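Below you'll find the structures, each written out as structure tokens.
First chain A sits with chain B, and in the next complex the same chain sits with chain C.
The block that comes next holds the complex of A and B.
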């Protein structure tokens, strides 16, 4: 099985991409920035901001952070709890 | 201390009883409820969605921070998700402390950090039948409490 990460989408971002979960390939040195660039190629991704918030394995991450096989990457719309 | 993301109706009175202790002379309670107007549009209801696993952890971190900063272990917070009606409580926070000032401050800290960090989103239902995810970045973002 090839190396991949699970990408989770929520709320307005899930509506934009038409799905709440994707599996995306990762390799040695793949970063959050690389995954976002690949995500931007998908239909509907033009409705996402250029630099959305991202969490890796349920913690907020930076665009330079590495993504490894099996990681859970969440693309997080502006939060609106309360 | 305790925190939870729940799908059942919130019971603020139960949170007050949970934090009560005779060591504490002050209890602060914050309850957030679904209101009927947003940016001039009539709202009829609200859906709350959470990235539950991360929201539970982030909320637990915030409550633990409040406990450390304000010197009381008597802090509980629950946030509800799912379909809520007007007037329903979406979030409830109770803090008991020996004194009132840090009780208020800790309660304020939890709600402000929750609104800044916890991955929860809400979709408003409007009187005209349309629905829209709330994007708070259009307005001033709440600042972290000091």
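The block that comes next holds the complex of A and C.
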């Protein structure tokens, strides 16, 4: 089985990409930045900002942080409704 | 990590709780975590609730019921029938009334021991510091990005904790921002999304109980913070998904580079409408069919369609189309547009419309990035079409 991470998309980002969950391949040294670049290739990803809020395993992550197989990567949009 | 609430200064020692208050609060006075000391603390605290809508309704109701001494309410709006499926602070008899007035009357009935201070105006860069400065804690129940950034910056500048909540459709978020050590709104969301990317409640719809759920979480966190109870959402962003019925809390921290609470380069409030209204960098100049303005009024759109050779593209969802549609429009929901470009002709004028004009503006921008040059947006969407052109199209 190939190494992969689960990417969770919320609210407007899930709408933009048409799904709330993706499985994306990761390798040695894959960073949050790499994963966002791969995500940007998907249809609808043009509506994502260049540096969205990302959490890896429920902790705030910087773009340089590593993503390992089995990690949960949440990409979180701002929401304004009230 | 939750910081203890700051003590509230008092000119003279507060009067002890009256017999009526002891009876009213008896069920929570018996909680050792609250007790007489906690109840007096609540009574001495001044909370500002920004927005008396979907979030502000449960927040104001429960904070008043719990005995928070002073509740400031900021809202410039009036009660509308379309508010009532979620804004439970207001009632049918209050339709057309100022929301602050409707709220004041309801809260006075719920708990006459609470001092309600209505601020029947929009929160702006000009008045925010003066209003927020009168309170110990702020609850953000607003419904738009400019107000959220404004409030967050004002709370950082004044050192007031900001109990944040927001909702979209079946999802919501909550946190406590702007504490002594925690992050502010800008730490997490440095730049506002481009206008139109994130739809408003009017545009996207909202599940009625959703602001109820999140507002209750805000009320819970506000009371815990005031009393120094348990582990609050200071340093965590809570994500709530009502469809899957799950909650996920994300550990967040202050960004040392944050211009508000990190480097503190923001030393005064700015123009937040302009800050949130900035278009995509490098966006194509906004000209529409035949070089005309990219925004068409419903009358202009009707005239253009009547001349022929133009396509009306509806980018709403199928269930919205079923409620109301304009005859002859082609339906391609926004999310399906990238995969359906072959159905959208490049050699004729395309007028994009949605409910109120936000999603369609985003689709117009997207189509331009895909090389479309003859695209325009129906300003005000089908809602304004219904008002201006064809009243037989239902409003929703």
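What to note about this one:
What we mean here is this: the second predicted complex is superposed on the first by the 78 of 82 C-alpha atoms of A that agree within 3 Å, B and C clash if a C-alpha of one lies under 4 Å from a C-alpha of the other, contacts with A are read in each partner's own complex, and residues count from 1 in each chain.
Note that in this section contacts are C-beta pairs under 8 Å (C-beta built on N, C-alpha and C of every residue); 3 or more make two chains touch, one makes a residue touch a chain.
The shown structure was predicted, so the numbers you read here are calculated from the model rather than taken from an experiment.
Using the contact criterion defined above for the overlaid structures, shared-chain residue A:27 touches neither chain B nor chain C, since it reaches no partner.
In the superposed model, A:70 makes contact with neither chain B nor chain C. When both complexes are overlaid on chain A, the residue A:47 reaches chain C alone and has no touch with chain B. In the superposition on chain A, the chain among chain B and chain C reaching more residues of chain A is C. In the overlay built on the shared chain, the residue A:16 is in contact with chain C alone; chain B does not reach it.
Looking at the shared chain after the overlay, A:79 reaches both chain B and chain C. When both complexes are overlaid on chain A, the residue A:58 reaches chain B and chain C alike.
Once the two complexes are overlaid on chain A, the chain A residues touched by chain B in the first and by chain C in the second are 10-12, 15, 55, 58-60, 74, 76-82.
Within the complex formed with chain B, the residues of chain A that make contact are 8, 10-12, 15, 55, 58-60, 74, 76-82. Interface residues of chain B, counted against chain A in their complex, comprise 32, 48-51, 53-55, 57, 79, 90-91, 111, 114-123, 133-137. Residues 51, 53-56, 140-145, 148, 165-169, 171-173, 188-193, 197-201, 204, 206, 211, 237, 239, 241, 248-253, 334-336, 338-339, 362, 366, 369 of chain C are the ones touching chain A in the complex.
Against chain C, in their complex, chain A makes its touches with residues 10-12, 15-16, 18, 43-44, 46-47, 49, 51, 53, 55, 58-60, 74, 76-82.
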